[in-house]
């Protein structure tokens, strides 16, 4: 999704705010809804509801229910869930609209969080992203993933099923934290990937700079930019969440949010370092171009400067004047050859003094 | 309007503040006034008043009245409307003066908003703009468009006429929001246009950089600059509107303003990305110039370096010395040819080792 | 005054703060004092006082009195006026000292404002400036202009004399606003001048970049810098004036100050755009140098590459070997000519394929 | 640790927050725990506990106890200490996790401080770092050093043992300050090392710029970056500590913290200066490349320009026309030699006028 | 002191905070203490105390006493004065430590101010500096100058002795202001010196850019940097002093401090302008290198391009074919000469059209 830089928003032109049209979505698959329902007492169920109405009672039960929607292109599904959980039309529009900037909104009965999941991509910038929308309620968590298929959350699901750590003992807010934590951990994976590419490129530029090296540097710059644009607003989102006065965020979840916040700061730090390094690589590339040119010029100059005077000398004795006494000397030819040798040797000495040849 | 960078303001020099002189305006057309009057009960009228006095009672009625003025070059029209709606002379001056920075002012009985409508332009920067001034009252909305002719607002007019969405149920503030929303949506259209041009230019620079490529990059930079200068203050305008304590902005309009605000942020984000990309393209262009030079130099050096020593050799045997034993050898000529072949081949090997030729 | 960048302040070294020594002033003319005295009732007088004591009663009268001093190099005049109007010695020092940064100070009984008047200059940066100090009292306005001779204020004087607009109905604060408004309007004139020079330079750089083009760009940069250094603190001055709690600024003058404030913002905006454009022009100039070099190199390479192999060929047949069978062939000469033609044509084809020649 | 720029955090992927896994650690040595216990009355003991339970009572005694842990790769040791001193699992995770950004957290019963110890390194950037975590309690100080072996703290240990200065009279907060002070002092040592390298490199670039000079500049830039990333957040940490309302920071320790804070500011100042200087060195390197190229080009041009016309002249008299009267003149040869001498001399004069040769 | 960029702070390594060791000091001279004691009633004494205890009673008297210490390398002198005036050991350490950043600290009974005195230096950056520490008490002012010998303060001493201006009527705070004022005035002198060097360098770069011009620009940049690092924190110091709630700063001294504050702002403004100009000069230098290269290349290309085809032509008629009819023509030689003349003339026309030669 990085390659296409401006999202096609024009389809929305003329639409009514709050009218639900999915924008920027892939449509070639069906939406999949999964539910995990658990509490601290040992209860833990895990199913795919046949019918959206099935999930409504979960809103009221004391158990924590995580309803995950894979794919957001079937508007009626999102719309129905919106109605069932009482979500404002503008929020539903944001969920459907896959170009959101990470943000948080307090809707009173629940918190709306939108953020970006990054994966190391095949593309040139090395980053691919997908939008994740969350609705964090008292006892439920709704997540909407842009693309169906693999996500990062299997370890979290395992922790719930196997009752590892505190997750079963805590509420929906801790579950939301666990998902954000996994997403931010994956930012580090993306960063590592970019870091490896930078190191490889650094060697390439020093050893044999190619015309497309600069292009590659620019693609990595865009990769770091994508990370910055995901991590910077996420930092704010987490800070808001942590300082939030909403009763939906429990006191014992806050230190965990602080922890994720620190991770975001670390990511921003590394991104800045990478940008600095990439900036320096542009300079190295440019100077290595100049160095190459210098080397070529030196070869040209040495050859030309050695042979042009010699060619002149032989030209002199190629002239057809009748009265050229040297031509008749017995050792004239040998003498000229010696003179030229001395000349050539002098040139070479000169270039050695100038350090053009070793 | 982008091409001429500083607006001719000198005509105003010496004018009295509050004196009404249209500045920077096109004058070759007449002003057109249209009215749409509607309420939630089903009433909806739509006409062009023959006479400005006709619109005065609309100020008092409970229905929402949108009075749109197309063209601002007929000072008496603006002045009369100003008097009828009790607007301060300085505000009227701002309306007439088409180089305003987007801003909002609370005039007590109404809000004065000025912003820029952008369209993808024919010009080099790819952006054209027009000023829109709004006066948002309790039950009325006055809009002044700089240029007559097409605007973006037909979809809004359709929504009013066909009673689609909430528009007929809400007040003048929601109508103002609907117009701003359409304008911001068109910023995305402009962004897309610039994005397409960037992509085309990127390929051009990589494949055959022309001397005017840099010029084109600069024009696109100016296009993004124009967008930034429109969107950045607009963001503030909307934030002020949303946080405004004025009773003219109703509580249920505020979430919609927040939505437009988020769009502005997204635009700024994309603009920054574009500027980053354009900055990288300058570097690529510069380095591709150096690469071309390197290539030319290599050809020159290879040819010169191969032939100059050979030319020297043939010059030697063109000398006219009487005593040059080689000249009399039967295979002297053949030998010299072979020596030169070996020399040339050695040179080529050397260049291959240096990776100058493949 | 722009050309000399650091003002000679060393003459002041060792002086006592508050001791009055004019610094950075032109001394070859006499100081001229003019008074305009008016009120809303129709009274309006306009004279040059023979004696400074004449102006003292104006301080007490209910009429608004504008005392303008042209030239600040006669210390006793400034000192006497300072005593008559009870101004602190440090303020008098500031008035005499022509390198002030625009600022405002509330002296209780009056406001001290210092700002810069800019005019399009003959100099390289295209900007000349002059310092204006104002003392705004309840019923009087003292202005001190650095240089005698023409100022921008004749239109204001006309408005007072002819009772145009609100000026006769308002106090000294409105008069001060009127002067600031005229000064800021002249900033636009300066901006336009720079804009025209930028446009001319842009064409010059594209068509035939001269070695001094960069110099010209830098001079224009300094011009914009001068504008920024005048407008940026002026913006603060006006903001302070507008928000000031001093009773000397009346409520109905404030919207007019807001208007001037907006003009300052517009100037800063345009200055930033100009700096951006000038930065882009440096890049274009640099790349056009590289392009020229490339072009020169191509010509050199084409000529050399075509003729050096040919020269080698003719050299071969200029050798004096006794046994060179080709020399005796009847069509040897013709054959060699044909071979060389083919060679040359091949080279030209190669360059065409490389797009070095069209 | 600087060379590897992104730390391998992926091993943690899927881990539960608060689960203790050491990350980024060296594992080839054992953990060493040392204790120093002292008070103002003359008591001072100094031993290596055989058993972690030994240190528990120190928590309650009135004496100040400094428990230093060298190496953090043995999770059970850290975990046990954490339990004994009642530290939150997330803090323990931070201690084990060696890529923390310097920060401070108030845990109520103690303060958690993490910072970076820098040493001049063998690596290219000239900087190596190690993480130090501190837990500052009422009467105890726990320090966790990432790597075992030498630290900077021997002078502090000496001061405690020999009762020099105020250290024995003050609490754990002063001890913490003493350690931070030593660490910041070592930042200056690192800065000096970088400064010396900069000076050496500066001379190298001016005298004989090598292709890897830019690489070296970039490594020094990274060294300054590492320092900035250590010192900048440390500054905040110290500011927070100084302004902290925690009773753990005594009033008479605060001026000492202010002193360290000032040192941090000085370090940031010098870092900025270094970055400025390094930026200027890139420019000098680039221009010295251009200067070298210019020099090479001049030699080439001088030689070519002098000899090519001469070679043409001798070529003319090498032609084999039957009717070339000059060839038969008795002094033809001498004349041509003289003409060529004059030509060559003229060229040399021309170059001298152009200042290409002295 | 500018040349050595990082101060040798490592000698301090391991020292105890508050232990007094002079750092970065010159030691080859003795410390000189001078006292001036005066009041508004006409009393004014001026002597060098034989014994430090002599100055103690001055602390209590109502007269203002200025005790100036020239040279800070004799620790016992500073330590004794510190004890006599009750100064904290950390402050004494700061006084001895000559690399302080300008700052102010309120010590309750007196204010500690440290700042930098700049003088135009012989060194490459054109700036030399010295540290001045001040202790401003109720009735006394202690100043510690880093280096003995000449200072800027003789004019102030004259004003005290000759009772010029308000200085005898005011307290120690006004005296401190007078010293700061003199120091800031000297910043302008330094600025002027840099300005003159910039102007000279500007001409040099335009007329004959030397390889070390860039070096010179960088040295001037460092000079401006030194000024900025002195003036920027001084600005804060003065602002703090002016807004200080300490009774040690009297109300009637505050306007004078505001005056010095404005001077600091002016200095920062000029520094920024200088940095801008120096940045532009780097660009001009770089482009002038390119221009020179272009010129050299053009000469090379013109000569080569004119003579290489001609040399080819004469080579053709130097071939030894038996059947070359042209060689036997009577006017063959003349014809060839004419052809070559035409060829050469055509080339020159071509270059003229390309504007390579005038």
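To keep things simple, chains are lettered A, B, C, D and E as they appear, and every chain counts its residues starting from 1.
Basically, contacts are C-beta pairs under 8 Å (C-beta built on N, C-alpha and C of every residue); 3 or more make two chains touch, one makes a residue touch a chain.
Predicted model only: the values in this text are computed from it and were never measured.
K.L.:
Enumerate, in label order, the chains that touch subunit B and subunit D alike.
P.N.:
The shared contacts of subunit B and subunit D, listed by label, come to A.
K.L.:
Have a look at where subunit A meets subunit B and say same if over half of the interface residue numbers show up on both copies, different if under half do.
P.N.:
different
K.L.:
Could you state the distance in Å from the CA-based centre of subunit A to that of subunit E?
P.N.:
Inter-chain centre distance comes to 43 Å.
K.L.:
From the C-alpha centre of subunit C to that of subunit E, how far is it in Å?
P.N.:
Their C-alpha centroids are separated by 27 Å.
K.L.:
Could you list which residues of subunit B touch at least two other chains?
P.N.:
As it turns out, subunit B has residues touching two or more other chains at 286, 290, 293, 297, 300, 304, 308, 311, 315, 318-320, 324.
K.L.:
A student should be able to answer this: under the defined touch rule, what is the ring order from subunit A, with subunit B coming next?
P.N.:
Order round the ring from subunit A, first step to subunit B: A, B, C, E, D.
K.L.:
Give every residue of subunit B touching subunit A within the complex, in rising order.
P.N.:
155, 159, 164-167, 177-178, 181-182, 185-186, 188-189, 191-192, 194-195, 198-199, 206, 255-256, 258-259, 262, 265-266, 269-270, 273-274, 276-277, 280, 283-284, 286-288, 290-291, 293-294, 297-298, 300-301, 304-305, 308-309, 311-312, 315-316, 318-324, 355-356
K.L.:
Mind pulling up the subunit A residues that touch subunit B in the complex?
P.N.:
Touch list, subunit A to subunit B: 5-6, 8-10, 12-14, 16-19, 88, 90, 93-94, 99-101, 103, 105, 208, 211-212, 214-215, 218, 221-222, 225, 229, 282, 285-286, 289-290, 292-293, 296-297, 299-300, 303-304, 307-308, 310-311, 314-315, 317-320, 324, 326-333, 336-337.
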